[in-house]
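Across the two complexes that follow, chain A remains constant while its partner is chain B and subsequently chain C.
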Partner chain A sequence: MKPALKFILVFFIGLELAFIRSLWLNIFTIIGAMIYLLFKRVSIKKFIWIGLIGFVPFVGSWFMYFNLSIDHSAPFAWIMALRVYAYMFLGGVVVYSQTTTQLMRSFEQDLHMNPTFVYGILGALNFLPKMNRQIKIIRASGKMRGVRLTIFSPQLYVKAIYNSFVWSNNLSQAMYAHGFLEDAKRTHYQQKPLTCKEILEFLFMIILSIIASLIK
Partner chain B sequence: MAVIEFHNQDINVEKKIILKKVNLSIDAGEFILLSGVSGSGKTTFINKIVDEYQQTAARVFQNPDQQFTMETPLLELVFLLENLRFPSQKIGQKIDEILREFHLLDKKNQFVYTLSGGEQQRLALAEAANLKSDLVILDEPFASVDRKNIAFLLDKVKDLKKAGKTIIVADHNPLIYQGLANRIFLFENQKVKILEKNNFDDFYQGFRYRNNFHLKQAHGNPRIKIQNLSVGFSNRLLLDNLKTEILNQENVLISGENGSGKSTLLKSIAGLQKYEGKIKTYGRLSLAFQNSSDSFLKTTVDEEIQLSKKKAFNHYLDDQQQIERWLKKLSLDKLLESSVYTLSGGEQKKLQILLLVIQAPEIVLLDEPFSGLDKKSVLNLISLLQESRSTKIFISHQLFGLDKIISSAYLIKNKKLIKMENIS
Partner chain C sequence: MNNNKHWKIIDVILAALIGVIFGVLYFGFGLSWNAFVSLFTPLASFLSGHSLASSLSASLIAAQVTTAATTGLFMMAGPIAALILKKPGSAFLSNLIASVVEMVIGSAWGVLDIIWGIVQGAGIEAGFALTLYKKPRLGLWLSIVTGSIVSFVYHYFEKSYYKFDFAYVMILFLIWFLSILIFAGLMDLIIFKVLKKAKLVK
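After this line comes the complex of A and B, so read on.
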């Protein structure tokens, strides 16, 4: 399925999870997302990571909703607790089964989103790891000059903000130097049009999620 | 036919006049060389040309870091070719052709930031050459590039000239372009002067310099001990089992081709890179980052100097009069109240080294400290560094003036660190 379509599907199921209290919807979402991630050969480490990260909120939600509900309803506690993992695995589908570049390019090609927006976001996202490295450099640089910079030091942020300004200027210059022009037509590498099969798969998944949410 | 024209035009940056009454024109197919000291307005001039030019100008930036917008060489070229409306089905084939031509095919899917300086500049020129623009602007394109890569890139620039492109180059080493440049623009005292053709030989002669290195056997206590050091990146070994000892007050040059692992070695010594083996340093250590603004922690030049004085590890240069003398020599004396971030690239480099000398750690690591600097500034900085008693390790592709300070040298070749007996 095209990344953009997958994103909309995940968003739709996410909305369903938020507004419909259904144990079966949670279970189907978790199982479905897990099967999909296995099919996409996502490493077991990432599954364990999701499992570990979600464990504390899962247990916390169960006890909180069990104790807070007037009738101490265990089914209600299970719905709320499993929601944690349902959201985490749904997030995993978006994050682990495609790259940000694939997702943003799919927004442009399949949903005809404005290329300036798409490539602006993509350029900015590509700066994030750079920002991370920059923070490390700023801290090392402070240490070498005899100044200890902690996460509470304003200097760290002043420099990080300064670098963001420089980078945003660099990004627009670099995009221009790559021949990018706002509202100009572009061709697309390896573009495959949306197929009927993909649209049917999408609709099938939506219908399946609605049915799951109706099971009592 | 003129592609760019200026008629008595002032060129400003945020209302500050950088160049006064610029009066010149550039014709199609010309090769123009821009020369002038750091901070004389060359990059400002280039930015103005990019603004004034009717179409998109192909550009290779001073800092390779500024050049790229996507994660990998493949995605960079996809973005470029899509923007140029290259036929979709031919994009893949064209990318392979470009990468093969610029010897980057094996780096197709590697993160751009992990490429060496030379590889990044090859990719930048590959993009500029394929933008299909008639105007190509190169701003210090070879500042951190080794000789082998310079020769390769220069051939590509010659091809662009042959293809009739208008080329504008700013470089502190004009000798590279001898015989190529049709006209030379000199930037001094906020003016752009066009050099007469019969003065070209004298102009180039002024940049000739013959290095005369005298490497010495060092004596004294060790400052850095490296034992069985190995560093690898994504299953590829970059440095293999290095061993050496660098002694007190030695001034060491580390050379090697782009991508051989010089910066990685410095980062390992500074503790900013994971490695196997053992590195022991005796004394406090500072690394002058390639991007000089990374070293600044305050806002103005004066605040930076006061911070370095306050936090000085040793007192080689802490007398106010001496500091003022150096500020004047480095042309920073009138910039004391200026923000460190509004200084030109060259001014930032000069300030970075002055701060290091004031702070005086026992070990100083300098990664391409003179890239993008004019000859006079380089010589001034070398005399400044000579005043410091720190042990200094340099990585520099430009050897100009370094013979005055270097006492021992190493070469990184085939993942090994080789001590050199002499530098030819």
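After this line comes the complex of A and C, so read on.
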């Protein structure tokens, strides 16, 4: 399936999970997403990572909803707890089964999003590791001067935003230098138009998820 | 940044980069948030014995109040981007990117992050849209109101708050609103003022 369609599908199922309390929808989502990730040959390390990171919220929400609900209903607690993993595996489908470039390119070609936004966002997302490092640098240099920069200190944000000013300036200059024009029509090297089969697949998955949510 | 409605590539990159900054910070914050809420709740209900009332109150204090008190932190990206760029859609874009980045790094909320990013972004955007992007300062205060209402209404349904007492939900909303006022409102204003002093923004 096209990455953009997959993204919309995942988003739709996510909304369903948020509003419909159905145990079967949760279970089917988790199993389906796991099978899809296995099929895409995602490394087992990433499965373990999802399992580890979700474990604490899983246990926490089970106890929370078990205690919260007036009748102490275990099924409701299981729904809310399994939802954590359903969300995480859905997130895994978006994050691990394709690259950001593929996703953004699909947004441009299949959904006809404005290329300025597509390439701007793609450029910024590629700064993610650099930004991660930069925030560590800002905190470390603050510590050297005896200033502890926490999440509550505006200084940290101001410095990071200053960096993003510099980087956005540099990156846009570089893109202009490579011939990027905002409103020009673009040609594509690889063209893969949306097929009827993919749209049908998409609709089939949505109908399947609705049926799963109706099982009591 | 003189032509107000037209998005140039530099504006898109800047808005998205602001989203990336906050996404990285949200992730760091979300980890400790989850550890606190999830470990504190079972512990509190265990320590307070098995009586319904005490375990109920303990877990309520742990989870709901913490959620309400920290919600403003997760809404900081939108207002600051709108204040800097003053363009339609900047708050929404920034908040959405922040939530996507948080998910990509691997937060415990998965796809819920994106839904939250869209809900919060739309709420903040509504406030700035009410002033037609002409008065950013007024838009900031309006966006706090609209942002807190929209996000709370969504939270109300998603977390089944209708199971609780109405007065209690109202108190939660008050905490919710104050948190957004402090973090998304005042802190963003301070950041904006410092940037303005440094002559980086108009």
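Assume the second predicted complex is superposed on the first by the 187 of 216 C-alpha atoms of A that agree within 3 Å, B and C clash if a C-alpha of one lies under 4 Å from a C-alpha of the other, contacts with A are read in each partner's own complex, and residues count from 1 in each chain.
The rule is short, and it goes like this: a contact is a pair of C-beta atoms (placed from the backbone, for glycine too) under 8 Å apart; a residue touches a chain by one contact, two chains touch by 3 or more.
These numbers were taken from a predicted model, which means no experiment stands behind them.
Novice: Would you check which partner chain A:101 touches, where first means chain B only, second means chain C only, and both and neither mean what they say?
Specialist: The answer is first: A:101 touches chain B but not chain C.
Novice: Comparing chain B against chain C, which has contacts with more of the residues in chain A?
Specialist: If we count touched residues of chain A for both partners, the winner is C.
Novice: So, does A:151 touch the first partner chain B, the second partner chain C, both, or neither?
Specialist: second
Novice: Given the touch rule stated above, what does A:57 touch, chain B (first), chain C (second), both, or neither?
Specialist: second
Novice: Once the shared chain is lined up, is A:119 touching chain B (first), chain C (second), both, or neither of them?
Specialist: A:119 sits against chain B and chain C alike.
Novice: Pick one for A:180: touches chain B only (first), chain C only (second), both, or neither.
Specialist: A:180 contacts both chain B and chain C.
Novice: Classify the contacts of A:191 with the two partner chains as first (chain B alone), second (chain C alone), both, or neither.
Specialist: Touch status of A:191: first partner only.
Novice: State whether A:140 touches chain B only (first), chain C only (second), both chains, or neither.
Specialist: first
Novice: Go through chain A and flag every residue that touches chain B in one model and chain C in the other.
Specialist: Residues 119, 123, 162, 171, 175-176, 180, which sit in both footprints.
Novice: Looking at the complex, which residues from chain A come into contact with chain C?
Specialist: Result: residues 10-11, 13-15, 18-19, 21, 49-50, 53-54, 56-57, 59-61, 63-64, 67-70, 84, 86-92, 94-95, 100, 114, 116-117, 119-121, 123-125, 127-128, 131-132, 135, 151-152, 154, 156-158, 160-162, 164-165, 167-169, 171-172, 175-176, 180, 182 of chain A touch chain C.
Novice: Under the touch definition given earlier, write down the residues of chain A that touch chain B in their complex.
Specialist: 101, 119, 122-123, 126, 129-130, 133-134, 136-138, 140-142, 144-147, 149, 155, 159, 162, 166, 170-171, 173-181, 184-191
Novice: Where on chain B does chain A make contact in their complex?
Specialist: Residue list for chain B touching chain A: 50, 56-59, 61, 65-71, 75-76, 78-88, 91-92, 113, 127-128, 131, 133, 270-272, 285-287, 289, 293-298, 307-308, 311, 313, 341, 355, 359, 361.
Novice: Given the complex with chain A, which residues does chain C contribute to the contact?
Specialist: 7-21, 23-25, 28-29, 34-35, 37-39, 41-42, 45, 55-56, 59-60, 62-63, 73, 76, 80, 84, 93, 97, 100-101, 103-115, 157-158, 160, 163, 187, 190-191, 194-195, 198, 200
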